[in-house]
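Residue numbering begins at 1 within each chain, and the chains themselves are lettered A, B, C and D in the order written.
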Amino acid sequence: MAAAVVRGGPAGWWRWHRRVAAMVCSRAMASKTPVGFIGLGNMGNPMAKNLLKHGYPVIAYDVFPEACKEFQDLGAQVTDSPADVAERADRIITMLPSSPNAKEVYTGANGILKKVKKGSLLIDSSTIDPAVSRELAKAVEKMGAVFMDAPVSGGVGAARAGNLTFMVGGVEQEFDAAKELLTCMGSNVIYCGVVGTGQAAKICNNMLLAISMIGTAEAMNLGIRLGLDPKLLAKILNMSSGRCWSSDTYNPVPGVMEGVPSANNYQGGFGTTLMAKDLGLAQISATNTMTPVPLGSQAHQIYRMMCAKGYALKDFSAVFQFLREEENL
Amino acid sequence: MAAAVVRGGPAGWWRWHRRVAAMVCSRAMASKTPVGFIGLGNMGNPMAKNLLKHGYPVIAYDVFPEACKEFQDLGAQVTDSPADVAERADRIITMLPSSPNAKEVYTGANGILKKVKKGSLLIDSSTIDPAVSRELAKAVEKMGAVFMDAPVSGGVGAARAGNLTFMVGGVEQEFDAAKELLTCMGSNVIYCGVVGTGQAAKICNNMLLAISMIGTAEAMNLGIRLGLDPKLLAKILNMSSGRCWSSDTYNPVPGVMEGVPSANNYQGGFGTTLMAKDLGLAQISATNTMTPVPLGSQAHQIYRMMCAKGYALKDFSAVFQFLREEENL
Amino acid sequence: MAAAVVRGGPAGWWRWHRRVAAMVCSRAMASKTPVGFIGLGNMGNPMAKNLLKHGYPVIAYDVFPEACKEFQDLGAQVTDSPADVAERADRIITMLPSSPNAKEVYTGANGILKKVKKGSLLIDSSTIDPAVSRELAKAVEKMGAVFMDAPVSGGVGAARAGNLTFMVGGVEQEFDAAKELLTCMGSNVIYCGVVGTGQAAKICNNMLLAISMIGTAEAMNLGIRLGLDPKLLAKILNMSSGRCWSSDTYNPVPGVMEGVPSANNYQGGFGTTLMAKDLGLAQISATNTMTPVPLGSQAHQIYRMMCAKGYALKDFSAVFQFLREEENL
Amino acid sequence: MAAAVVRGGPAGWWRWHRRVAAMVCSRAMASKTPVGFIGLGNMGNPMAKNLLKHGYPVIAYDVFPEACKEFQDLGAQVTDSPADVAERADRIITMLPSSPNAKEVYTGANGILKKVKKGSLLIDSSTIDPAVSRELAKAVEKMGAVFMDAPVSGGVGAARAGNLTFMVGGVEQEFDAAKELLTCMGSNVIYCGVVGTGQAAKICNNMLLAISMIGTAEAMNLGIRLGLDPKLLAKILNMSSGRCWSSDTYNPVPGVMEGVPSANNYQGGFGTTLMAKDLGLAQISATNTMTPVPLGSQAHQIYRMMCAKGYALKDFSAVFQFLREEENL
């Protein structure tokens, strides 16, 4: 905790002043000082627990008090607002469901920025519009602190196992400091570039994932209707140019692979409603940058329609079932 | 050539009679008897040459006499019509550009069926509508001969090198006989099921390929516009769930990989016009089987528009360039 | 009946010979001679009855004998095959569900062409692929008879009321002869051009109809979610550039108009499965003519998916309900 | 000008207080007091001139000083910032190219809200995201003033002729006050509902317009390739269920109609880049409200691709040319 004391003192102030100017931070030395964690939902909960496991004191906050209770029992300090977290920790991780939530947590009436300390490192692992990440980064910089976007790939299982992938955007000199924390929760921490590029990488990957998953479902369905055995067709695709993660690792056709959601009535996995959300972000980013994404936008519409037809909570590979359903004349 | 004499003789007739009844053929024993080859275009030319290299006498025909001349010089026997080929060879390979050509070559006024010998093995390596393959198979069976569809994957380079992939549909007992010939021209010969399933496998693979290629182009383009370095983005996709053949083996963005068409101004490779043709076949198959293929049909439209905008002869990965072109206000 | 006798005599033969050469026919004089009618389904039944009402003796055939019984009671002559119809009538109307049925009725083992008389006028009111219409026309011409395609617009109600619209393709000199019969069943008979253009006109109209219906459903749904009153929005669209038949005459939103399927739980009207069929024909025609139809192909996919989701027999304006359904998280 | 004096006096203050509380305004009585106009571009220029013609003193501002010069010569008072306009006029019309511009003009450092007078009526005729309109309305209301969104339909020609259509969203009691000004510039002023519904109506109309224009282009192109005469096909569509504004009033095929952009090489009219912008707004609104718009999003992509292919400044009906271009093999 010594480092934290230094941080508050006058000598510390001077050091922060210089550091912030250069945006180069020695926070890495300050390990095992408390880490703030805001957003203790399905993903945030196991992530924060992994921080605790690695010996970091956690200062916790969630808009739902019941989400915090478990952490109190685990020895974390629970606060009343994001501002309070910022008062007590100079490294904070946020994990929130959407852009408006992120804005509220950072710039709201009781937001982090109300009490953020100069030189603090704020890492947002939410998946949000990269334009919002850049906006937040600007507001954070004005306060003399550092903002990085670090969305994750991998679901609740990976969060529990501590092997998420983090895609990180922000000032490169701060990357090591961020990595120190993120490696407690993930096995892969990739530096992507300036602020917002972490989001960009995640959004682009998930857009391509959605497209190739729907494409795999269409190709498998068409092949089956043309008389091919599904396992054989999958084998052929996987040794040919149609091969993709959705065909060789996460095949959407029941009976082709074991241990994937299609083998378990599309339970678990990555929910259709979450995919629809990510595709919405891709759509907005594409619109704002005037980038044509004809298949990406169509994939968005298909997952949107699936949500409305009862697939919201099923794994996104259920698009095979959605497209396959028989006509009922 | 002894075997061929036997085939023509009366004892041979009796054997054929039995064989055709069972549709099980001992042609495999008859190796090095002449093989007919109809269609000596970009693909057929190197394929027929590989048969010659493996010691098979070739009986050749092409609708353009000049395409045959080279084969005359190489010692092949050139004929005046598909019917003439059928008169002189009881194993024939056809490699034609489209369904109408295939119909003409098999069932036309001077088509194979005018003079086909009972028990002949007719292998069609054209990429055509599986429904047409089934139609041809029926007509061939009526004449007491055997039809298999065996479309290829791999372009002119693979045809020259003899490492095409053949996807074969037809009676399973005939597969070995077909394989004997096809292995002279390809390194992979896959049995797919009843007649038409070779076409089905090829069409499904290429539809998924087109979808994931366009998806890769969209995702790479969007990422670049959002500030990501293309090589880094490709690396991230390839270690994540967006990974596909188009991203890790045939990346469409210039500068990301070497030795692919995108590194060479999209020359060579698999032409946009050919991809548009295959997607048209997928579309027709999907329409006829009432299979929804929302992304497959959109991919078809995009390659169709590209053809009209000057990309017809460029590699199909040029969709990246097509989508990327800057606005010119 | 006198004219029919003349038709059979030697002088008649000479006249036919001249007539067929010129493809100009005096059949119009021959009114009230029998008219053949093949295909007595939902549409054919009321159409044939309207011919009877106008005093034409009808020679009837349907593949389902029970469909003919009613006509026997009404005084029509029922036959055993299309060939038999052709033997007894030199003007025949066919109304069949699909291209394969039409091929069978014309060129099948007991098809019209087996016994068609020279100079006969064969009018096909089925909605089929224009390429098939052209094929049939060629086969019919070879027999010295005349073929016209005359698909209808308007559903069962219009068929009963005798106010269908016929779009007619074929030799222009024959148009008056066709019109004589078609006006008994329709209020609008439009000459479209050479054989196949009747189908083309119908297919193009229905493709545009499907596109603007889905577009209307999307725009109304979006407007409602953005806070607009549906009736007001419809009024605004109808006085603006978004106006279309689907918005001003057949609005898909319940409560906006009376007397349309959307006011009656999407019962009656033009079934989703029929629209999907017509869009399939448009798709095949577009593929064959290399015409890009990005929205037409997407509309096809949407109606295809609706069929699989229980909308097959609902009016095609139910796409509003399909898109509107609320998420059920 | 008397009324203005009253506005500033103490009694006036009391009146404003009451008025703002009720959000019911007697500004209508105050006609011929100055009207602010911000944004003097292609559309704003003729609109502001029409206000002058109707005798309203105009207080003008544009970010480009040269845009104001003409107005100085016409007797308008030119100011240095939106704030200055707000200081001198209590009725202001804004006509800006995009959401960020609108935000800047209203809430920027020298924005209207810096000096807006209580009770002022602020009418935004820009076409922007309805969510931004609602945001601006909230900020304006906090200052005790009134905000209405009033986007226009009709282009530069209609702006000059004073027959634009205004779609107005906001508090209903203020509608008459807004209408007084808007009728100087338009022939149609429609009340749509709460703030943002003016934008919503415009966006929905233009989305449906884009869809039916592309649909018309596809249907006309397909029909022509299937052998139909374009004028005849247009006539058939217009008497059938495919009829829409794009087919009967603004047909995109050269030679079908006179006096439309397709008759003049697609010059003039409504630019492709503007349509792409409106479709982007529709896309964002649909994403935010989770509304599936499969054809709307595809239309967006098509106009986006057209912009990149040199069509940005051509009329949006040029999509016919874009889809029609011949293959060049």
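The criterion applied here is as follows: contacts are C-beta pairs under 8 Å (C-beta built on N, C-alpha and C of every residue); 3 or more make two chains touch, one makes a residue touch a chain.
Nothing here was measured: the structure is a model prediction, and the numbers come from that model.
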item	value
Smallest count of steps, each to a touching chain, taking chain B to chain D	1
Furthest chain, CA centroid comparison against chain A	C
Cα-centroid distance, chain B relative to chain C, in whole angstrom	38
For chain A paired with chain C, centre-to-centre distance based on mean C-alpha positions, whole Å	54
Computed distance of Cα centres, chain D from chain C, in Å	43
Of all residues in chain C, the ones touching two or more other chains	290-294, 298, 302, 305, 307-308, 323, 327
Residues on chain A engaged by chain D in the complex (per definition of touch)	276, 280, 283-284, 287, 290-294, 297-298, 300-302, 304-305, 307-308
Complex contact set, residues of chain C against chain D	130, 153, 165, 167, 188, 190, 192-194, 196-197, 199-201, 203-209, 211-212, 214-216, 218-223, 225-229, 232-233, 236-237, 239-247, 249-250, 282, 285-286, 289-296, 298-299, 302, 323, 327
Residues of chain A defined as touching chain C within the complex	273, 298, 305, 307-310, 312-313, 322-329
